[in-house]
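Got a structure here, written out as structure tokens. Questions coming.
All chains are identified by letter, namely A, B and C, in their written order; residue positions are counted from 1 within each chain.
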Amino acid sequence: MFKWMSGKKTPEGEKAHSLQIDELKEQLKKELVACSDLMFRTLKRNDKKIVICFVSSLIDKTGVDDYILKPIQENTQSGWSVEELAQILPITDLTGANQLNEIVMALIDGKTYIYSEGEPFGFLANLSNTVERSLSHAETESLVFGPKIAFTESLLGNVNIIRNNIKDPNLCMEDLAIGTRSKTSAKLVYIKGIADEANINTFRQRVSQLEIDHVQGTTVLGQLIEGNSWSVFPQLMTTELPDRITLALMSGRVAVLMDRSPDALYGPTPFFTFFESTEDVYMRWNMGFFLRILRLVATFLSVLLTPAYVAVLTYHYEVIPSPLLVSLGQSRSNVPFPPVFEAFLLEFVIELLREAGARLPTKVGQTMGIVGGIVIGQAAVEAGFTSNILIIIIALSALGSFTTPSYLMGTAIRIIRFPIILMAGFWGGIGIMVAFCFFIIHLLKLDTLGRPYLAPIYPLNLKDLGYSIFRFPSQFLSYRPVTNQPEDKERYSAKKAKEKKDVDE
Amino acid sequence: MQRRHKWKLIMVNIACVLTLCSCVETKQLEKLGLITAQGYDLEKENEIKGTVVVHKFDPLAENLTKVITVKSHTSKALRQEQNLEIDQKLVTGQLRCVIYSKELAKRGLSQLVDALNRDPTIGNMVYLTVADDDALSIVNIDQSKLKVNLGTYLYNLIKQNVESEQLTSPTLHEFNHNLQDHGKDPVLPILKLKGEGVTISGIALFKGDRIVGELPSNKLFYAKVLYDKYKSGTHELGFNRSHFKQIIKNQGRENKEVYDRLFISIDNIRSHAKIKLIDKEKLLFRVEVTLDSRLLEATEPLDLTSTKNIKFIEKKINKEMESQIKQLLEFFKKKQVDPIGIGNEYMANSREKPLSKKEWRELYKDAKFEVRVDNTIVKTGVID
Amino acid sequence: MNVNLHPKEGILFSAYLLFFVIHGVQTGVGIVGLPRIVFLEAKHDAWISVLVAGVLTSIVLWFIITMLKQYDSADLYGIHVDVFGKWVGNSLSIIYMLYMVGSFFIIFMNYIEIVQVWIFPNLATWQLALVLIFLTVYAVFGGIRIIVGVAFLSVVGTMWILVVAFVPLRYADFSHLFPIMNIGFGELLKGAKSTTLSMMGFELIMFVYPYVREKKKSMKYVQIANMYTTFLSAFVTLISIVFFAGDSLKATIWPVLSMFKIVRLPNLERFEFIAVSFWMLIILPNMCLYLWAASKGFSRVLKRKQKTGVWVFAILAFGATFFIQARYQMNMVTDLVAKSGFYAVICYPVFLSIIVLVKKWWTKRRNSHAKAS
């Protein structure tokens, strides 16, 4: 059973702990600096001593009482040798150890060390108890339709959810440790046979080669391993929805789960992935189709409406048709600022409202919305600070940016509006176009896990359009998205699906 | 290396933004005086009088228009002069309508129209019109009753009539096109003061850029049929009552006759006019007009139940129309104008060197016409 | 220098993208003024002239592709060295590089001129030039894959303008087109020659060829691209002829933009303002590809980094903007490039491919002789 122990050379930096219990205590106290909740419980019988060490805050005390102390105390027949202890302790997760380092790490992890004096090694029993939030609704990606369950901070729990979602023996979970100092445990999740080997390797390589003391969570991990960290556009996606991850895994993507992080990171995620919601899939396909197009149009308008307003009112008054002319000019006529400044002012107010609303508790947040939206909006127009048409436009573009399912992408879209407004203020339509061209080139230059960011538009993949920009009914989607280069390309046999029945057959 | 590069890009970015700061001249909408209509009159030799209707934006006034009149030699110099009289910068980007006085139009419009063409801010869909008297009086009508500014008002007046098939579209583009085309001449509507408003009294026929004749509004229908080729509006035809004796319904009581003539009003659903060069030597053109029309109104109760009767009416209408169209063509020929584009038709069918405008006019004198109208009454309304 | 160029597998692009590259680089500022230029020569048969030009370029393209097929994966720089030796070949390459920088220059300068005439009369040339050059450099630094992407998005993103081009047909007078083929064959060819400025661009196939993944298919896509460009140019010319009266078409410098003047939407009038802005997206791939191909010479011919080449040419082009002040100077430079383009794009590639074919045939014969003996 513990064959590996015998004859094992002790490498440098690793040493077995002392066989004397008192010395062991001292050693542990020295290693775990100023650890006031390190506790020892010593039992004695016939001159034989046994010690149970644990960090009291991390363990389940009743578990220690019931499964360690009770069996040892009650069982008077057998001795306290390692073999005998292994027989009497009713614990599943029980491993032998005698390396000081290992034991210290295990104690921090919430394990309990049981050592019987004089024996060559002791036991690490897992009776840890981590404080966890129970499963709850998704907060950042709220849904009307579909499963409501969200990831929590517990890696084990998250793995549990995914395993339950995909009962496929090929579902792989590779262990990773992230952070040179914190050593947060993480899992690389993919389905062998579907996910492309190259994607898995890139992901694994980027994560494991990361040399940083501590990573604060998957969102930070995403920022650290993406290709271009200067860009405002997120290149890897995080989500708190297990079903989203399930969909991604089934279409050949690779995910990383991290302990203490309620989001999963996955990739490759091209630009248009950020505009997909799981709701599109749960809806009937035509509704999904409509919603997806709606979201893209909303995004486009959100980026372009305010700059267009600025450009037209500053330079291109010729393009306004006469019915609109009067109302536009009328509302502009009592504004003392140039249109750029006006637009910036109002965009700034909207951003303030959004930020303040996010920072405040929900109840106050609602009041904030009313105060901001109605009072400031109305008063600003009355006071001649802005034109009421701009208020409508700004509100529309703010709404448009909130339709993006990914919070990160929504923020990115709100931010890129500012330079475009600025350019529109400088050069009108030409300025908008300069900014537009810049963003096109920029998006083309980005990559997600080494794959093109604008896929499936460029490189064009007509088959995948049904997955990303549009949503086709599933009888047309017999294949997995080609952009992810899945190894198993088919979801179901297209040939079989195409067999048609004759009338009355 | 990578890092250094990023810095370089950022530097370039900053440089760009800095250079952009010396930005271009702005034209903020509310600071502009938008010229929506222009009127030109001939003041005396070498001098024109320009009047503009300026739309301004003011937080207090709903619809603020100002009329400025100055005199100068060129239209752009007029604008300089006008600019001195207003607190906002005058721009022409929203120009909707230009009015030339008849006096001016008789001397030729090409210089003034050229100025419109050269200016990139002026659109191609500006309406050109001729004032029956002087442009100033039209521009100066009492605007307090108008809901919109005068330029928009005139624009809507013409647009509405063009869309309801009363008038041929007199846009700057079409004027240019017909002016430059060797085998076609432009026409423009004539505006006339009527009471407190403005009315369209007919169309002005141009020979080159000079006005040479007028077509009254009741003849517009036939011009439209020939000119627009696809659709034309409602028209009223008068007939001798006695010719229709056989199909007038006698409902048992003697109708008191209101008119001693019979009038029939028809509405065109589809029309198609084709001008064909039949004989090149003799310059014989055949004008074929096919119409699908609706009978809207007749001043007598007509018996429309039998096919024979309808055919009879059709025939009568055909004949009437043929003679009217023929008259119109002869009238054009006499005036030496070619608004229908007969010259274009001729040139498209001759493989010789394209003719100049002058050469075509020489030929046009000898042109002969043959008119065929094929009118079908497809509907007679909800009652027979 | 190696005659053949073997780029990494990762940056190769599919052959179908050649369609977008060639079409994207052919349509640029040239097409805006094309109808008028051809009309001046070929009168109302100008559209036939454009079709003739399309057929001629398609023949030239056949020559070029056949020449490229003689090599494994070579570009013009490699072929020059292979055919003429190091010194002559490289100096020819440098001349060609200069021609491409010239094209790059007139493309953005013409665009700036359009902007100045139509939208901002007092916009300083160098400002917009700086921004356009910066955009181009930014794209070129991304390498051929990005540039092809720009070409692709530019073509796809501006296709809707074609729909707008149908609007002027409402004001069309089709009698202008008749009598068809009434003009001498000489004028027709002259008209075809004057299309050079808007047809050129396809010569860049000689530089992007090594980067095509399925080289066998390149002929097909290049020809389709050329056909499409020809069709588009002929269509635009046709519409201009029926839309304008002959004399006004002669006087209109940018007939395509003037036609857009009549387009109006319920919430937008004067479409040309949008078209002028949008044209930037159309010329972007042109600028990128010319700068890329010219700067490629830096690494191929002069053995320097391509990035150095990009900066050198960008600064050169930017410096040159200060020498152009008036419209007639611009016309002179444009004419110069268009004329040299005629030789560089039409005559020279045909001449070169004949030499290459003869040379291949010769070496093949000699080899078989050597084997036989």
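Some observations on this one:
The criterion applied here is as follows: contacts are C-beta pairs under 8 Å (C-beta built on N, C-alpha and C of every residue); 3 or more make two chains touch, one makes a residue touch a chain.
Computed from a predicted model, the values in this text were never measured in an experiment.
At the centre of the protein atoms shown, by the Cα-centroid criterion, sits C. Judged by contacting C-beta pairs, the busier of the interfaces A-B and A-C is A-C. If each chain is reduced to the centroid of its CA atoms, chain B and chain C end up 42 Å from each other. With centres defined as mean CA coordinates, chain B is found 65 Å away from chain A. Spacing of chain A relative to chain C, judged by their CA centroids, is 46 angstrom. With touch defined as above, residues shared between interfaces to two or more other chains in chain A number as follows: 315, 318, 320, 427-428.
Residue positions 119-120, 123, 131, 138, 264, 269-270 of chain C are each in touch with at least two other chains. In chain B, the positions touching at least two other chains are 20, 24, 93, 123.
Remark: chain B residues 9, 12, 15-16, 19-20, 22, 24-25, 93, 120, 123-125, 171, 173-174, 176-184, 341, 344-345, 347-351, 354 touch chain C in the complex. Listing the residues of chain A that touch chain C in their complex gives 315-316, 318-321, 324, 427-430, 432-434, 436-438, 440-442, 444-445, 452, 454, 457-460.
Taken together, the chain A residues at the contact with chain B in this complex read 230, 312-315, 317-318, 320, 322, 325-326, 328-330, 332-335, 338-339, 384, 422-423, 425-428, 431. Of all the residues in chain B, the ones that touch chain A in their complex are 6, 17, 20-21, 23-24, 26-30, 32, 34, 36, 55, 57-59, 62-63, 91, 93-94, 96, 121, 123, 148, 152, 155. If you check the complex, the residues on chain C that touch chain A are 13-14, 16-17, 115, 119-120, 123, 128, 131-132, 135, 138-139, 142, 146, 149-150, 152-153, 156-157, 264, 266-270, 273-274, 276-278, 280-281, 284.
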